[in-house]
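Paired with subunit B in one complex and with subunit C in the other, subunit A is shared by the two complexes that follow.
Here is the complex of A and B:
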């Protein structure tokens, strides 16, 4: 069971262009649409929503001067950051220093190619979609290491190496927990994973509860949420950029547009984590009354809100605890979850 | 139509967006060259030495362990895809037991590394483990 039509086909039908060139053009337009959607969400999240949410948690007033509810801050901040002087530190490793922000921002955007966003916004649906998402998502830590090493700053180097330590500690629990979901679906294709969650789980008082994997296997959902916090580097796992320990971590020496790209890459990465959680555990774009895309947006913003909540409420763990929590806690639990799911599924013969 | 072409297109867009932002910024931003401000930040002090020094990154063994487990996850995914079909066609034992043995071997490996004190950041008695013998 596949989705209706992939996005490039829809665009091709609307424009009425045929041939190979038409296909390529419609694919490019589809890719541009997906990129624009994510940039728009990031523009709301970075300069505005993050400040508003943090202010609400700490009982302060945030941006409120420009535009209604301070929304004009988004434009003002974009102009301000882009027109700042770019200061390149002495002894910076030039190609790597320039490429690192592009790697971080570009890789986070690329992973959205296989995410079904509802209303037919689904750029590509390869059979190995889930593996593709995890493969692309972990490129981000390469960008962080490149930036940290190339800056010729000791804090940056520490931050980059911490990002790698964190990634190797939480990548495996994340992927193994996702594998326990694949046990149910029997497919790595994103559309199949979403389709497997549309069946009815149980009906309580006339309300039909769908078999979202967050309801079917809540233990896996909790594990995945925790591992995802570490994967996107947010509290309690924000050691790579811990301001009280290593200044700004990997982004200490980055200014102007390069800093914007680092910031943008991080936020797109947080949304990517939310999109993976929505697709694997929350039924993708499914939901009552509202269109699919609205539900998809609500779900990934809910995950974003959760990361911001953790950022305001949970203290940071020490760097030596990162490895131990990952390898002695989450790794063991994720394998236990995988094997238990396999045994229960096999015995029940679902 | 090959989905990987569409993914390649998004890769192109993913490079074009940062590149265009860099171009726009280079048109807008001022350039005031001055040697002092290019110094790397070291909490306001004059930076000492180069940042590219050799030091113990503390998780070398963990990184080696990571490679083993990362390859393992690649081998687990095909099994999870066919698992339910395999249970029906070949029975529970034949579908589950080989994977139990496979993961069991790796868990024994992890337990060994754990006892050796590899799976931790700082190897000092303060953190509960025995000092590791090199």
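Here is the complex of A and C:
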């Protein structure tokens, strides 16, 4: 399933333009394609799917007036949000205030460069792919902090501080848990990780179960799912926004386009979390019958659905509790998982 | 958890069980200048400089541990502050202390050192009527803006005079509030008046040390609509009844109306037919369920932070109660259903269908409450947020005049429906719910369990109403078209609102309108205890505590 040739090379082959210009053009085209895919998904998720899903959880109907099943809301909402006045608070720290939303949205999108999405949609496949993903994704914290302090608002400041405290507390368990997967594959390369999951684990009644790491190491999978919830800031860990406590956290003072960017960044971030989970634990784009890309999309939407479910059904923990769970609980458990995996692998001599 | 022990001081009583007025007079000795008869209790006129002495004596030696209400009013020749005292153990034991002061120099001693609840009540009296209180910790305006000129319920107040406030004066009313200096470790934060967690327009001035609350001060008055004055301008018979619906719009309308009806019926000596009392009882328990469902839903909203499942479920089920109330009264919120001497109309026809709808709702309710328990009270994250946060000690609660589910959550067994029974409650079988936790979780549990009890009451009422003989369905007593209670008649009567003791004080002045109409709002007193509950805790706990108090700002500000 892992693609041998990255997407830009495929495009270059099709275009048939050689040299540096052709390379550059095909790279841009490839990046535009991946970016468009992700932004389209976000457009569905933000104004429409999120509302529909939440409504289904809470006995409501939600958007249904514009277009079939209310799908027209996506366009209407885009126009609405973009045509709103951009209000910049007095005393905002200007460059930081403006850069923050871009940093947040950009960092999440950037990480998709190394995610194999199936059917050859894979921009680059560096040997340090996994490290790259985590490194890029954690830049988002910087965006949150910048937005938080630059808004010149106490609620934003509290939200920014919370976001950073939380991301640091949960990024370490996230990476350590991911490292336990790397122990199996012996490689940080995304295509290798996906390839390692195509082998057969067991065959039950003629159905071949692949060695997805969610089946091989379910404990790590659960840990990763939890840490990921905190990473994307959804219930029970949505303290950085916490509407009833600190209004909107770091995004309190953002309106219009900047708000859209923040909002979009958050959703792309959730999808990125889903993409990492799909790649590390759910066999990437692998799956029967349907094309790889469809499977990949289904998997990341499944993770998205999970975050929405938590949001509807689970209360929010307090900021001190969240830090406690992160440092005293998840961190210890993730290291235990890493050690145990290493010992087991060593004993089995894999 | 609770370290609360009953203090065994009982008020002196006569053989029939009433408070022994002579013994009280003897206890207070020289402080008593005169004695008056109010309809609810004896009143003792005391000197303005002996208030603390008198109240302390009554609290320590006669067991009057509940300062229910402070009413101030202006007469032609004097100001009066009336302290309505009760006993938490038995609220039928009442006594009033009347403190007259001259119009030239309306200064009287503050009761705040004895009863903390007097702090806010006296600020309100100062704000609206203009009585000054010596030794008061913070005698500022509470309902009106700091820059307001004059005291609107005073006799000299000129309503037509515009309130001209210069821009300079109004520039920043918070300028010298709790702001540390440049190098202070704390941060001053305004929560509200526009904030998702304030359940209306409440402004909470908080001082934060990091994420922890160092100090908190609720600033109220944003929803003040002059309800007392409007009631004073209306006639007893018809014009006052619509106003109570606007206090606790949870919707606790029928309970609020009953508070007025009880006081006015007491004043005008009206007997309400039993049939009407049963309908009133049923209606007000429906209101209580609606209020408690709303409280549970919004409390969950405060903890979840979004319009999540439990919030929507709460609203969905409240909608059913609202439909039942709409069928009964014709309105969803502003019922205006009670009349002095009864209710405005009978159960809607066809009666069977209405009773069937009520029974359907009651039958479905246990399963729904189970679902709530599954979703919230049995959720460990939820518990970790609520248990042991926002702790309110029972002694502190009494000192602040806390009543209702908040008091019962602190283990104070105080419910006026049973202790000072009215309507049809003492004929029915139900229990007063208490929890000893004193924390946010206990208050939530009290509300959820009270829903079950209210459902029990409604069920019995429906049984009674169904079998009521057709020729005895008398919904209203004969009440004269114009009511003019004798001048000088005074009474203070309370009912158990959804938030606690909702009391009305009325003084008749011989006309068809009240001379003074004072509302004792339960949420007002409950909210004043917020500081005790949340200092030292985190902001999320402050928000949760505020939610668990279940304040309706329409009732706090009136």
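Here is the rule we use: the second predicted complex is superposed on the first by the 348 of 350 C-alpha atoms of A that agree within 3 Å, B and C clash if a C-alpha of one lies under 4 Å from a C-alpha of the other, contacts with A are read in each partner's own complex, and residues count from 1 in each chain.
Definition applied: contacts are C-beta pairs under 8 Å (C-beta built on N, C-alpha and C of every residue); 3 or more make two chains touch, one makes a residue touch a chain.
Because the structure is predicted, anything quoted here is derived from the model rather than measured.
Once the two complexes are overlaid on the shared chain, A:319 sits against subunit B and subunit C alike. Looking at the shared chain after the overlay, A:192 reaches neither subunit B nor subunit C. By the touch criterion defined above, A:83 reaches subunit B but does not reach subunit C. Applying the stated contact rule after C-alpha superposition, one finds that A:328 touches subunit B and leaves subunit C untouched. In the superposed model, A:238 lies in contact with subunit C only, and not with subunit B. Once chain A of one complex is fitted onto chain A of the other, the partner contacts of A:152 are limited to subunit B, with no touch recorded for subunit C.
In the superposition on chain A, A:57 makes contact with subunit C only, while subunit B stays out of contact range.
With both complexes superposed, B is the one of subunit B and subunit C in contact with more subunit A residues.
When both complexes are overlaid on chain A, the residue A:246 reaches subunit C alone and has no touch with subunit B.
After overlaying the two complexes on the shared chain, residue contacts for A:311 are found with subunit C alone; subunit B is out of touch.
Touched by subunit B in one complex and by subunit C in the other are residues 154-155, 247, 319-321 of subunit A. Of all residues in subunit A, those touching subunit B in their complex are 6-9, 23-24, 27-28, 30-32, 34-35, 39, 79, 82-91, 101-102, 105-107, 109-110, 112-114, 123-126, 131-132, 149, 151-157, 161, 164-165, 168-169, 171-172, 175-176, 179-180, 182-183, 186-188, 247, 252-253, 256-257, 260-261, 319-324, 327-328, 331-332, 335, 338-339, 342-343, 345-347, 349-350.
Interface of subunit A with subunit C (complex): residues 54, 57-60, 154-155, 158, 235-236, 238-239, 241-247, 311-321. Listing the residues of subunit C that touch subunit A in their complex gives 187, 189, 195-197, 211, 300-309, 311-313, 316, 375-376, 379, 381-382, 384-385, 538-541, 543. Residues 1, 3-7, 9-15, 17-19, 21-22, 24-26, 28-32, 37-43, 50-52, 57-59, 62-63, 65-66, 69-70, 73, 76-77, 80-85, 87-88, 92, 95-96, 99-100, 103, 107, 110, 114, 119-122, 127 of subunit B touch subunit A in their complex.
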